[in-house]
Amino acid sequence: MKPLKLGMVGGGQGAFIGAVHRIASRIDGHWDLVAGALSSDPVRARASASELNIAPERAYTDFIDMAAREAARADGIDAVAIVTPNHMHAAPAIAFLEAGINVICDKPLASTLQEAEAIATAVSRSNARFFLTHNYTAYPLIRQAREMIARGDLGKLRLIQVEYVQDWLTQELHNKQADWRTDPARSGAGGCVGDIGTHAYNLATYVSGLSATELAADLDSFVPGRQVDDNVHVMMRYENGAKGLLWSSQVAPGNENGLRLRIFGEKAGIEWGQEAPNQMRFTPFGEPTRILTRAGAEATPAGSRNIRAPGGHPEGYLEAFATLYAEAAQIIRADRGQATPDLESHTPDIDDGLNGMRFIAACIASSRDNAAWKALLGEQVT
Amino acid sequence: MKPLKLGMVGGGQGAFIGAVHRIASRIDGHWDLVAGALSSDPVRARASASELNIAPERAYTDFIDMAAREAARADGIDAVAIVTPNHMHAAPAIAFLEAGINVICDKPLASTLQEAEAIATAVSRSNARFFLTHNYTAYPLIRQAREMIARGDLGKLRLIQVEYVQDWLTQELHNKQADWRTDPARSGAGGCVGDIGTHAYNLATYVSGLSATELAADLDSFVPGRQVDDNVHVMMRYENGAKGLLWSSQVAPGNENGLRLRIFGEKAGIEWGQEAPNQMRFTPFGEPTRILTRAGAEATPAGSRNIRAPGGHPEGYLEAFATLYAEAAQIIRADRGQATPDLESHTPDIDDGLNGMRFIAACIASSRDNAAWKALLGEQVT
Amino acid sequence: MKPLKLGMVGGGQGAFIGAVHRIASRIDGHWDLVAGALSSDPVRARASASELNIAPERAYTDFIDMAAREAARADGIDAVAIVTPNHMHAAPAIAFLEAGINVICDKPLASTLQEAEAIATAVSRSNARFFLTHNYTAYPLIRQAREMIARGDLGKLRLIQVEYVQDWLTQELHNKQADWRTDPARSGAGGCVGDIGTHAYNLATYVSGLSATELAADLDSFVPGRQVDDNVHVMMRYENGAKGLLWSSQVAPGNENGLRLRIFGEKAGIEWGQEAPNQMRFTPFGEPTRILTRAGAEATPAGSRNIRAPGGHPEGYLEAFATLYAEAAQIIRADRGQATPDLESHTPDIDDGLNGMRFIAACIASSRDNAAWKALLGEQVT
Amino acid sequence: MKPLKLGMVGGGQGAFIGAVHRIASRIDGHWDLVAGALSSDPVRARASASELNIAPERAYTDFIDMAAREAARADGIDAVAIVTPNHMHAAPAIAFLEAGINVICDKPLASTLQEAEAIATAVSRSNARFFLTHNYTAYPLIRQAREMIARGDLGKLRLIQVEYVQDWLTQELHNKQADWRTDPARSGAGGCVGDIGTHAYNLATYVSGLSATELAADLDSFVPGRQVDDNVHVMMRYENGAKGLLWSSQVAPGNENGLRLRIFGEKAGIEWGQEAPNQMRFTPFGEPTRILTRAGAEATPAGSRNIRAPGGHPEGYLEAFATLYAEAAQIIRADRGQATPDLESHTPDIDDGLNGMRFIAACIASSRDNAAWKALLGEQVT
């Protein structure tokens, strides 16, 4: 089957996440990058496109222009990847959705809840698909954990403990990444809570299958002069009486990308961390702890999909990211009748994006109100 | 030097912690068990005493009687260990303190704050010493962590994350241990929060050297019919702006005695868990993580004391407990001019006990008030 | 820069390692797969090619034909990947080398030392390059370990302990992979020793920079009826007096792909395992153990190359494999004056292949002679 | 029950293992130390005895004298602990055995095979018991592993991998411990092989239940000027076709007391290390790895004995050592009809001591003969 054609907005020279998206799109051979508005700076846009073997006529400097012209081409792109800073998600997303082009958007969904809702409106009006790259959801053992919980292996859930802990902002720091991620104008009012807190929150609801109902949050900016939060403590309440703690931080020395999830039910628990993503502890009450491995013994159907290397050959961050691109391709092809719909996959979409934005808003509101409980209105798990 | 003479209240046949105290008292040879009121049941008291080679005339059935008669003997006990359920700490502690006999008391201090304060009053009026067996404080690497923080290795502290997680009460359970620990009349109003939450809290303040100022707690009793909490979520605020989360649970399958402490400052962090107590991670910002081992390279003075086996030969729970008994002996002997006072040791005492009771009371009050912030009045770190 | 054009011999439907090579070739965008002799079965060859979007006229059923016709095309392939079973390496490798086409060959080099030497002769006569995919050598921390040793961080080396342990052949097993790997006619006289023992051996010499001088090997076939070894014990002697043990096994339950390397010198040691490839222990004598992370603090120049995701985002098996494809592309372009030669990379080549074959031969000879010492003649580290 | 009375030979001020024996003897309250020939230096002997509250008339300077006088006392010692350097085991052991006094002797049994056989002769002629403190055999999970293997949980055994690795002799070192352990006159011809290699070997046979039949050993003295081996590589062959590697070293930086055992059978494997002795991996083929914990789920009868603290409260080196003292007390009392014989315990004795000496002798002989195979004559597992 021929690869689909991908465009990209953002991700020019010096960017980080754009390169990750490109590798992810290549790994399984489902996508060819053929067009881009890689930078708002025309010189950088052209140079970046050239490096990536994008034909000059498809190296745009303006995403509005790109959406219009790609929509008009017979060989126009099948989807666009939006990899700009948060405040630059809404405008291109809406432009491509309105042009009928599928969108693969980085997270968090936007820099404000208002922008997020505007995207959601555009999604509801468009025939095109919208995918949100909550990449951690695509690790095979995360899929397996979700499936184990859904089928009752843990019993009724009681506790969801999640954390995403880094250290790179322990001190004052200035570089391209740090600058936009700590600038409220570009990242939104949330700093750490938006950048990685949303990942933690998304993973907790994604795996547990439970919506959060309310939360109490205590946010801090430990580094003097920092305008956004760099540490986030949250007490969570989920539907059906489950409770949880959520911690995200960018000022905890010794932590690189410590995303860790522990869920406990009446019958068993699971424990997983993304820095060692090919193992998961499964702890049935009253029995020895079992080490489940990616594609290993007792792998469930969901844990056995999207496997590229045998057990014991570690797959990592890029492979999980690639699974989202593979699933987007599969869904788009199925929409066109070119492939079988894959009813079992659980690719994050606009609802995950909205939930994340509501989480950010609730955390900020709660923290400003001395950690009073705030409802997560409209929260839904899909 | 001759061993000191120890008496014991509680700890008869079928008890758990009494046996632990006895082993701890024997390990370093500082104590001989010579007297006891081991049970309120006279038959069991005598049988237990006989098993332990206690002379019949010092096998008491009444601790009041025991305090009086031991105080009157020329060869009376040098200290009494109180190892009864929580609601039976205050009466014997006060009786022995009033008799001028040193007390080594299990934790938490009492079943109510009122009882705790009565003990404190008795301590203040007595010449005798009062020791509280917060045993986890005596692991060599915990002593080292405390010392590293005090001397500034971590810089100003920002974050204190502590948890103590078990699974033994995941389901309804009835046996001697479960029964009294889940009975408010014997354990006090706190269940999990008193039994192990106090250990977590104590360790956090002990190692950090910081007092907590206020907390917001969300307590649950997940097992139907349980009369006390079995899961505890707390957001903590410490003096000087440090923050923290505290989680204790007895319903998290796969956790035996998962007491874990992580502290982060402006310059570095530490991470320690009691199930692997002979290693500690030290994470200076911008440098590789270092694995510090008990009595190993870069051991500090405090981490080099009370070492009984070379590095790599694991010491554990009983050895840490024994260190408290060794320190109690040293302090008692120093009080009598028979030994050099050890100014550097940090043996938990009545202040730790009161702080723990205030922590329990604040958690329960906060949780009843929908996790509103409650001050930890009178909190002090010593 | 335009991708290079890749052909493939072997790797049709149902194969394992061919798919790995294809992903590896795609990850960094340096290669397009445009031609193949994917199977000796014409029907399967065409079907496989079609699935991979290879044009029908470049879907060959005969590698001789393929070498000739690709060499003759103006847009002929820049390199061919040979991913057939071991006994089918030599013939295509020689054919493409004689046609002046660069070869990327899976390991071990061949099924016999004779075949291996024939390939080496062809390499020496050809202007084309020969690369051997000893993929484990390309993990960033392996490159870093090699560099640390070369610059003296460990001091003079004394001990090299290496093992590669699996369990998949613990019982009798029949499938496509098991069948050829346990068939002396296809895998060569060595079973486990050739399949994974060579990886262990290669890694030991690659990282240490030391040649082995002699070995004593005790090989077993534990599973009844198995015609090749499934467990390998070797005592190794290296130049300069270093010693080591090497263990490879396919019958050790609980081991998936347990390739582990420990090297100790007069001043320090390192420890690394491929199932957690993003961490490495560095153990300077008399200092705390340090956990070095991929692209983390104190990463060396060699450990900082070929990094696709930030520290803490795990890279794995496929990324290391991709680095070999990236380096092959870089070397081929440099040969053509289209890129700067990368003098610092250490891509395995024909010498590694020959050394591996000598290792297999020596192990088999030693084991047949009751583990007598056998010299590794001609051994060289490059 | 009254404690038994213990004497000690060796273990005066400045010694290491004597203090360990004393703690071990105290932990369970079965022994009182009442007599000693703690040093051959009379001043040190008396001072050491006084520190330990040994009555002056039982502070001997001569073990011959001690054996005679203790045997003659109505309240004479029930056993003597011999904790001198290896070359000083035989003479006191024989003296006490001839006096009819039970002996608890440190390992290795002696400094020469001749001395060892003299002890064995004395054992066979005496009514007294002889215990050898191969302390690692008494970890609860080691007892459990032995039992699991004996009852067939692993199936027929194929592989036994054992290592005991330290780093303290990485460089030239002079202190009391280093001096005698590297002096052939005091430690015997074996250095590392006797000091810790025997522990590794003993543990392998103890747990597997298999005798070794022959071995090929390559010994080195890496540190210039060292008169005994400091690194030991051995290929082992056991009865019934099992094979193994054994590595012991005192020059591997980063290793404190790394005693690790892995055993694999046709059905499953186990993996245990003494630096984390409260967990053991159990790896049934085709199933997830299970983490067995001391006294935890699926603990076997043997793994449930000699438990002093609940699961998750780590027990360590001293507790395992104490179990040997508890078992010696039990056996001695059973011999006198004062206790029930414990048929299920497996306390190391003279046979283990002889096997260890034969292992040392075979290693040295093999290494001198360029690692030729040497039989382990007379080897027996009991």
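Note that the chains take the letters A, B, C and D in the order they are written out, and that residue 1 is the start of every chain.
In the analysis below, a residue touches a chain if its C-beta (ideal position, glycine included) is under 8 Å from a C-beta of that chain, and two chains touch if they have at least 3 such contacts.
Chain-to-protein mapping (UniProt): A, B, C, D = Gfo/Idh/MocA family oxidoreductase.
Bear in mind the structure is a predicted one, so any value in this text is a computation, not a measurement.
The interface with the greater number of C-beta contacts, when C-D is set against A-D, is C-D.
In this assembly, A is the chain whose CA centroid lies farthest from the centroid of chain D. Between the CA-based centres of chain A and chain D the separation comes to 55 Å, rounded to the whole angstrom. Here the spacing of chain C and chain D, counted between their Cα centres, is 44 Å. Multi-chain contact residues of chain B (touching two or more other chains) are listed as 255, 286, 289, 293, 296. Taken as a graph of touching chains, this assembly is fully connected, with contact between every pair of chains. Against chain D, the residues of chain C that register as touching in their complex are 158-159, 161, 167, 170-171, 216, 218, 220, 222, 231, 233, 235, 237, 241, 243-245, 247, 249, 251-255, 262, 264-269, 271, 281, 283-286, 289, 370-371, 373. Interface of chain B with chain C (complex): residues 282, 286-293, 296-298.
Partner chain C is touched in their complex by these residues of chain A: 1-3, 16, 19-20, 22-23, 26-29, 51-53, 166, 255-258, 274-278, 293, 296, 308-319.
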